[in-house]
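This is the structure, below, for whatever I ask next.
Residue numbering begins at 1 within each chain, and the chains themselves are lettered A, B, C, D, E, F, G, H, I and J in the order written.
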Amino acid sequence: MKRSDLTEKILDIKREKEWSWSYIAGEIGGCSDILIVSALLGHMKLTKSQAAVAGKLFGLSKTEIAMLNEVPVRGAGVPMPPTDPLIYRLYELVMINGPALKVLIEEEFGDGIMSAIDFDLELARVASPKGDRVKIGMCGKFLPFKYTAASEQHRERHLEEA
Amino acid sequence: MKRSDLTEKILDIKREKEWSWSYIAGEIGGCSDILIVSALLGHMKLTKSQAAVAGKLFGLSKTEIAMLNEVPVRGAGVPMPPTDPLIYRLYELVMINGPALKVLIEEEFGDGIMSAIDFDLELARVASPKGDRVKIGMCGKFLPFKYTAASEQHRERHLEEA
Amino acid sequence: MKRSDLTEKILDIKREKEWSWSYIAGEIGGCSDILIVSALLGHMKLTKSQAAVAGKLFGLSKTEIAMLNEVPVRGAGVPMPPTDPLIYRLYELVMINGPALKVLIEEEFGDGIMSAIDFDLELARVASPKGDRVKIGMCGKFLPFKYTAASEQHRERHLEEA
Amino acid sequence: MKRSDLTEKILDIKREKEWSWSYIAGEIGGCSDILIVSALLGHMKLTKSQAAVAGKLFGLSKTEIAMLNEVPVRGAGVPMPPTDPLIYRLYELVMINGPALKVLIEEEFGDGIMSAIDFDLELARVASPKGDRVKIGMCGKFLPFKYTAASEQHRERHLEEA
Amino acid sequence: MKRSDLTEKILDIKREKEWSWSYIAGEIGGCSDILIVSALLGHMKLTKSQAAVAGKLFGLSKTEIAMLNEVPVRGAGVPMPPTDPLIYRLYELVMINGPALKVLIEEEFGDGIMSAIDFDLELARVASPKGDRVKIGMCGKFLPFKYTAASEQHRERHLEEA
Amino acid sequence: MKRSDLTEKILDIKREKEWSWSYIAGEIGGCSDILIVSALLGHMKLTKSQAAVAGKLFGLSKTEIAMLNEVPVRGAGVPMPPTDPLIYRLYELVMINGPALKVLIEEEFGDGIMSAIDFDLELARVASPKGDRVKIGMCGKFLPFKYTAASEQHRERHLEEA
Amino acid sequence: MKRSDLTEKILDIKREKEWSWSYIAGEIGGCSDILIVSALLGHMKLTKSQAAVAGKLFGLSKTEIAMLNEVPVRGAGVPMPPTDPLIYRLYELVMINGPALKVLIEEEFGDGIMSAIDFDLELARVASPKGDRVKIGMCGKFLPFKYTAASEQHRERHLEEA
Amino acid sequence: MKRSDLTEKILDIKREKEWSWSYIAGEIGGCSDILIVSALLGHMKLTKSQAAVAGKLFGLSKTEIAMLNEVPVRGAGVPMPPTDPLIYRLYELVMINGPALKVLIEEEFGDGIMSAIDFDLELARVASPKGDRVKIGMCGKFLPFKYTAASEQHRERHLEEA
Amino acid sequence: MKRSDLTEKILDIKREKEWSWSYIAGEIGGCSDILIVSALLGHMKLTKSQAAVAGKLFGLSKTEIAMLNEVPVRGAGVPMPPTDPLIYRLYELVMINGPALKVLIEEEFGDGIMSAIDFDLELARVASPKGDRVKIGMCGKFLPFKYTAASEQHRERHLEEA
Amino acid sequence: MKRSDLTEKILDIKREKEWSWSYIAGEIGGCSDILIVSALLGHMKLTKSQAAVAGKLFGLSKTEIAMLNEVPVRGAGVPMPPTDPLIYRLYELVMINGPALKVLIEEEFGDGIMSAIDFDLELARVASPKGDRVKIGMCGKFLPFKYTAASEQHRERHLEEA
């Protein structure tokens, strides 16, 4: 069984039961909705206890429950550039604003990156008279590039014994 | 002259003058730092008055100032997937979280997208004892897909006169 | 079940029943033919009531009807560049006329885009003694790029409390 | 000299002179604005007399004028998929609506294509209280696929003399 | 059922029956062998009556016969660049001779293309003492690029009423 | 100097002198127009004597004349898939008709290919009341795949002495 | 049935029977081992009599035997660049030595290529005290590019009658 | 000036002066040789004081020294897959061993990654009678994926005020 | 049966049995854990005796055991660039550090490569108060490029007898 | 200066002096012609003494001579798939025969590869009454994949001290 087959099965049950993602995430609980949905779509894992709850909810086999608890091959099957307009807009924002974000983050924090691992993602609806807005909050730990001191690598220029 | 040549020229002057982006954006003013930096890097435009200020600051010719006031070919010269780790992490976040964001936004808002045009982008530093965090706020108007009613398109099935 | 499997099933029934797209779209109704056909081909959604009608027409299961009411991964499975000559010609028109349309729209409207979401698409036959012509009308709302004022982003340069 | 160098030169003069595309197209005249702008951007040709007028307007050399009268390598240097949002939206419309347009055109006209050569392109502004709209009209001759009769190709199965 | 499945089925029957393409095309008749074989391989359509004959010959179902009468997604599943040497040689000829053919056709005919739709394709064997030769004749209508006159597009610069 | 620089130089002189390709090919002579034009565009070579004539005609240096006599890196700089409509149509013809041509050539000739090296290419105008047609004749030697007999390769299974 | 399915079937029987390729090629006989193995892997054909022997050996159906006698779509399913190190090394050798081989072959033989069709391929083991070596011998007929004389193509500049 | 131009300049001076990388890194000092060389090749930055030393060593301008102190667009201009055999072997090792490393790291550490930012890289020569060996040591901090608790994102399901 | 099907089967049994990779590798034994896991994931082979043990452990058929003993098409099905963050980080390290490693290895060892075949790979956990670290040790034999002496290739300039 | 600029310079001098590759390789001497030509084309290095001779022959500067003695970025600038027919035929041979060579080499030698580093390449002309043949001899050391014993990697499962 492939992870994508399990995803299809879960989606079929969701359709059959007429459940919303909100309901499903509420039932499983334990972490943010985005993470739970990502796990069910095959890009994150559930904890053992979450997977057990999900297994009961969807009527999954032992093997399928174990699979939900495994780290998947993240990003598998997501076409890049994205063909879907909703996802493409995010891709476009990275392409167009990436260079400016790079130099501004580096100016403020120094050489490094915003972690995509020690990272929080929030999704919110912002009411507005001109039309509600989608708000996506990304917040990751700044990781400075490590510049190994020469003294730490003194072995580099000398021979090691095999 | 290509826009990328102008970008190189501006970057060389910035190096020569030892200016920070923060200083440059402060001098030009009129809109967010990210937009000003994006414009100087060739992915946004400056208004006429901003371009005039930038032209004075960098000692640009009339043609170069006019170019800063033009809408560039956004995204030109940005490798995708990004090779630079800072920008790649944002790309990865889209690839991995895109599918979950899609279904959650659609469940909350209906069929549509977060606009990448009527859109605000914020960058902030969040202090934390475990290491400061980079916060990127994205907020775009939700645009519902328009489902043209059949009545509006009644001409479709009939012949028009040339 | 994947959306592409449902599309294949619908196409097989259409062949078996010898229905035209025009007949099918007329039966389902409620919006433009192009949107209905796009939905049945897996690139748009039907409303709940449209999906119910389509389900009755094609003899679909509850799960399949629910799927027709879901927003699909638009563009999935469409090869780009298109291999099919009819679709390729449209692609070619974008490639060759895109740069001119860009500068003319920007000169007329300012910095922004024609929305592909708040958008109408019409197809018509134009009779002509030299051979009938295909007419495709595209009409989308002009969306101006939002240039966030510096004042709105005052938080950017200061630290937030975690 | 490459066509792209000539394009850069023309754009620099346009900036220097502060001319609009509308002014330039009006001066050159003789065909639609879109075609004239496309030619100056390197994707169409100007007629000899148009090229002469353009040459006078921009102060071009004999060789440069001759180049404007040549059919260029259309589409050269246009990134596909387009990185620029304005052009990308058109690309996206082809990707998502292409399959539905294909089957509807074939149902109405039979097997064939909308010509991208015997083709008119119009651009218009449509005023609307909710925000003006961009209207792009495409109209191309329908070309039926030619199904050569077996009798016309009788030579195929027999040897020819060298 | 996908068109490629039908193609596989037809090929299996051809193998089982030990039929040549020549025999099959002769049985179906009505147009050139190349077109009939292309249709059976999934890149052209058969007329209703041809499809009926083919259906009888191969023992196809009503749905399968209807599929043969549909315009397929031409070019689907053909790897480009071609991996097969026979097809690659044709690709190479286009790549290497394309630029010269372009300028010579344009010099002789003006700005335009050889239609790939109103087009005849012939295949012949040419006997030669040094080894027989394959002769491929391509003959398509010259289509001149249409340069819409400015007068036809007068609406372009003015507002339309919504 | 790169071959593409020489091509640009030759094209500039052609523009300056207002020569047609037909005139140039007639002056150089010695082989088909298509080959001469291909050589000047950087995809074929000229013989020493042809190169000498071309050198005189265009006023080239000794090094440039020698370059025209060299076999170039054929196909260099030709975008594939072609962006130019005239060349793309040929590419499309290969993609769509390639599979049928393959099986028909193999049925007629056996396993092998039409040579793209021992190959003639002709271009002609075919007058027609419905609009003149472009005729491209391709004729290449059939090369049968060589199936080396087992006896010829007896060394394969045994060791050779170094 | 696809050729790749037949390949999988043959490989499964080979595993089941514990046959070596050497044994299989010896049983089928009639041409070089490399060609027989290539045919069983889907990149060459077997003759009718070879296919009959192979069919008996592997217990294949009439249709499967016929498929082995067909020219396959050579190269289908082989990833390029190759992911497998053994095949990648050959790819790398072409990439790195290709330019030198090109100029040396052209200097020795003139303008042309080494045929990949009229071609012998040998594989041998060369014993060596420092470790045995793999020897691959490639030997193909030199094919000179044909430069069609102008006289043969006199029709090119004149009109043909339709 | 582009970073790649500065790299070319530094390499030319290195050739002129006949310096080894070891000498250059020793002169600049302050961190590992690999980092210094990477910076000079355009993929890392030097500190201000290192850049000053490098500037004196190579006789660079103020602008060039400032550029060495900037974070470059890492990875720019490195072809992937790598064409150079030395770098390709590393790429191949990732492709082939990546899946096993993934599951073993996840089994040992849990869900997360080895940081490529808080990361040490060592290069050493290991003497061996059968031929010396290259030893590359990679050591990065394990970063666990952060699973944001549902409580932290309570705002997600509610509206914010604009 | 394809290798990837066998991999899926083994993974399903692992889930069912709740075995760790560490347990599985310990049971099979005979070589490093990384190699055993790579083999079970389809990128390495097991020896006959290892495959026999694995076959008993997983309850595999004779054909499946034989397949584990075959050299697979290494790298098959691994997306490159990797979509999974853990594997991508290794890819990024090659892209960014590759050029520096190349020149430093060549300066130390001369022209050649680190073998990816005569190669050891180690994975270790390094405890650290700031967070444990992943250590990957790569150690491959240095292979000098062989520069064949002219005398060894004297046959090159002379004709061989066929 | 880039290596490709030096290559262009050398080629220009070769044209000016009317030297053959054979003459140049004979003058430089010291290793096989293919290696010398590859070095001059930018894919191999010359030894110091060879580079000195080449420098004298071509009148190169000290920096240029040093560059010839550097290991280049092999394969840089060689389009893959090759556009040139002569090089493409070699690529095609790898694509089509690669799978058979793989299994036959593995059956004969075990798991491993033919080295592309410890490797000899020969080029010869084979006279034949039916037309001379090009013979390319490849001979590389067989390198067996190293299967590290479990005992050598005992550290893997235990923690190291930082």
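Here are a few things to note about the model shown:
Please note the rule applied: a residue touches a chain if its C-beta (ideal position, glycine included) is under 8 Å from a C-beta of that chain, and two chains touch if they have at least 3 such contacts.
Predicted, not measured: the structure shown is a model, and the values here were computed from it.
Common neighbours of subunit E and subunit H, by the contact definition above: G, J.
Comparing the centres of all chains, each the average of its CA atoms, the largest separation from subunit E belongs to H. A separation of 45 Å divides the Cα centre of subunit A from that of subunit G.
If you average the CA atoms of subunit D and of subunit I, the two centres end up 51 Å from each other.
Within subunit G, the positions touching two or more other chains are listed as 22, 33-35, 44, 73-75, 78, 80-81, 83-85, 92, 95-96, 102, 106, 112-113, 115-117, 119, 121, 123, 125-126, 128, 133, 135, 143. Looking at which chains touch one another, you get A-B, A-C, A-D, A-H, A-I, B-C, B-D, B-H, B-I, C-D, C-E, C-F, D-E, D-F, E-F, E-G, E-J, F-G, F-J, G-H, G-I, G-J, H-I, H-J, I-J. For subunit B in complex with subunit D, the residues that touch the partner chain are 1-2, 62-63, 66-67, 70, 73-76, 78, 80, 116-117. Across the interface of their complex, subunit E is touched by residues 81, 83, 85, 88, 92, 95-96 of subunit J. For subunit E in complex with subunit G, the residues that touch the partner chain are 8, 12, 15-16, 18, 79, 83-85. The touching residues of subunit D, counted against subunit C in their complex, run 20-22, 33-35, 37-38, 41, 43-44, 74-75, 78, 80-82, 84-87, 89-109, 112-116, 119, 121, 123, 125-126, 128, 130-143. The part of subunit B that touches subunit C in the complex is made up of residues 22, 29-35, 44-45, 47, 71, 73, 102, 106, 111-113, 115, 117-128, 133, 135, 143-150, 152-153, 155-162.
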